[in-house]
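Next come two complexes, and both contain subunit A; in the first it sits with subunit B, in the second with subunit C.
For the complex of A and B:
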């Protein structure tokens, strides 16, 4: 495998609704910042890959329009995934393995504020047997939370503890959106939105964007004093049908972690993409994290900033940034996509 | 005997509150005042209308507003012969790319007050606005374009804008 590293990361602060800027206007400064930090110009970038969803924008080919933020002239090699930007990063990493190019730009954007995100996510379910029932995203997540609680290993108190820690960490993250402290006892006394999920168990609705520059070998060392080397990366998927898998566990996350080399050793930081509190508990089990991670979601995670299609890429960016800054030597990053953790990507990052 | 099911209908409706963006909003507000506002790229100096906030060639923000003429050149066009449901215009009619004077990218609009067979590339045209009290932040503020009667623009003057 060719050594490929994250050499720069930038993100837009997550907001409830950016009612002034369109996607291109949000994305442009983020792309410019990521490229600027890497010192790699858009003309040198060998491959560009983005993650977004036309369903969020409410119009077809919104990802093509987003290229206006990059300036696709002279003609460039470009690709897109209708997935979280973490999967765009995976494609760029695979593209860099070909060996003929030395750098890649990855970006993701999404404005969940323009529609009803909980209803919109219904459309990723089975169109014949599930969509006609219109279960919204919170209800579908609640099925999973119930399955986890019924397993008896985690409690609603554990879920509230995840929310409280995320809020605490959000206080020192300028890009976080939900930063009010959470009183666990008071929060547990609140009624459920959809049993067993309370407001603090659910992610905010967010608009946002993020960009990462990848570089290989010597080019990465030139671009960054302390590159965050991708030592392992893998993604796995489970059946789309919610009844065809055990919702209380995440086999695909465990499998991806194994293939990414994430099951051994300690991590200075783990950034886990868990939009709901119970999903962090399920993922911690699946990844066998236990107390192997010194800092768990120090950014506050998707519970405090959840731009859909971006939040997974931000996990990789946040983890990599800690290595680039010298605050961490080894980091675990995780991204998820689909209902109830259907798809999972695991990435192990290390300093030299 | 159970009845075979060959298909189902699943009505799907999603509602959006669309945010056009800062630059397109300036363009739309201009239309409400009977003005056409483009934006110039600080890097390559091209003027975009409607502006989307960036220069798609350079990938940099466009911030300088440019007041554009409501006259321009038909760079290319098509004659629509087949009516479609909900169309407000009777076929045949002409949809044209109009390069406004001072702009580097054409606007797409309806062409009227001219026989379809008389429309040609290079034809000089002007906007016909709705009455002042009907102006709104929408392309509907321009009813259509029509010929000015000026001499045609030479091909060389717009060949880069096709």
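For the complex of A and C:
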């Protein structure tokens, strides 16, 4: 495998609703910042790949318009995934393995504020037997939370502890959106939205964008004093039907972790994409992070900033940034897609 | 030709209707179609995979192996709740407009569970492992709404 590294990362602060800027306007400074930090000009970038959803924008091919944030002239090599930007990064990493280019730009954007995100996410379910019943995203997540609690290994108190830690970490993250401290006992006394999920178990509605520059080999060393090398990356998916898999565990995350080489050795930091509190507990088990001395989601994670289609790429960026800054030597990043952790991507990042 | 038509400033603009829609219908196919056809007759059918797993609702391909599925199998209209979630404030699109449970229900004879609503009246009546049965709609049309919801089997 060719050595490929994250050499720069930038993100827009996550906000409840950016009513003054469209997606291009949110993206432009983010793309410029990521390229600027890498010192690689847009004309040198060998491949550009983005992640977003037309359903958020409410119009087909909305990603084409987002290219204005890059400036697609002269003609450039570009691709898009209708997925979280973490999967765009995977495509760019695979493209760099071809060996004929040395750098790639990855970006993601999403304005969840423009619609009812909980109902919009219903549309990713089975169109024949499930969507006509309109189970919203919180309801579907609650089915998984109940399955996990029934397993007996985790409690609602554990879930509240995840939320409280995420809020504490959010206080020192200027890009986080939900930064009010959480009193666990008081939070557990609150009524459920959809039992067993309370408000603190659910992610905020967020608008945001992020960009990462990847570079290979020597080009990475020129672009960054301490590149975050991608030592392993893999993604796996489970059946679409919620009733055909075990919701209390994450087989696909465990499989991706194994193939990415994430099940051995210690991590200084793990950035896990868990929009709901119970999902972090399920993922910690699947990724084997339960007993390891790893800083969990020091950014606060998706519970404090959840721009849909972006939050997974931010996990890779936050993990890589800690290596680039010298705060970590080895980091694990994870992204998820689909209902109830249907699809999972695991990325192992290391300093030299 | 009238004078008004001759003068472009007086001309009536041409108009044409434009409706944003997908101009096609889609068949649900031989497998899911069979499932909905049975629902219309107030029966539930699934499929058996090569490995012997009963999938309800049926799918055209085995999610484990990707192989085409085999024979159709009749399953019961009652089964067990494998997980559930209580909705305190239903949304306008939800199938019931009073507090209800979402549940994954594994029907007797099936190896997978289907998602639907349970009209249990109160959250305290819900538990994982409880038995529920289908409440059929008064009229059936060959879609998922032929099942109005599930209800606890011990309900009158």
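The rule is simple: the second predicted complex is superposed on the first by the 351 of 352 C-alpha atoms of A that agree within 3 Å, B and C clash if a C-alpha of one lies under 4 Å from a C-alpha of the other, contacts with A are read in each partner's own complex, and residues count from 1 in each chain.
Operating definition for what follows: a contact is a pair of C-beta atoms (placed from the backbone, for glycine too) under 8 Å apart; a residue touches a chain by one contact, two chains touch by 3 or more.
Quantities reported herein were computed from a predicted structural model and do not represent experimental measurements.
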For the combined arrangement obtained by superposing on subunit A, do subunit B and subunit C clash, or do they fit? clash
Please work out whether A:241 is in contact with subunit B alone, subunit C alone, both, or neither, and reply first, second, both or neither. second
Once chain A of both complexes is superposed, is A:254 in touch with subunit B (first), subunit C (second), both, or neither? neither
Between subunit B and subunit C, whom does A:21 touch in the aligned arrangement: first, second, both, or neither? first
Regarding the shared-chain residue A:196, is it in contact with subunit B (first), subunit C (second), both, or neither? second
Considering only the touch criterion stated at the top, classify A:123 as touching first (subunit B), second (subunit C), both, or neither. first
Quick check on the superposed pair: does A:270 touch subunit B, subunit C, both, or neither? Answer first, second, both or neither. neither
Just checking: does A:132 make contact with subunit B only, subunit C only, both, or neither of them? Give me first, second, both or neither. both
Taking the superposition as given, does A:42 touch the first partner, subunit B, the second, subunit C, both, or neither? first
Which partner does A:142 reach: the first (subunit B), the second (subunit C), both, or neither? second
Quick check on my understanding: which residues of subunit A belong to both its subunit B contact set and its subunit C contact set? 119, 128, 132
For the subunit A and subunit B complex, residues of the former touching the latter: 18-25, 28-29, 31-32, 42, 55, 58, 65, 67-73, 111, 113-116, 119-120, 123, 127-128, 131-132
Sort out for me which residues of subunit A touch subunit C in the complex. 119, 126, 128-130, 132-136, 139-140, 142-147, 150, 191-197, 239-245, 247
Help me check something: in the complex, which residues belonging to subunit B touch subunit A? 8, 10, 12, 14-25, 52-61
Considering the complex alone, what residue numbers of subunit C touch subunit A? 28, 32, 35-36, 55, 57, 59, 63-64, 82-88, 91, 93-95, 102-106, 112-117, 123, 128, 143-145
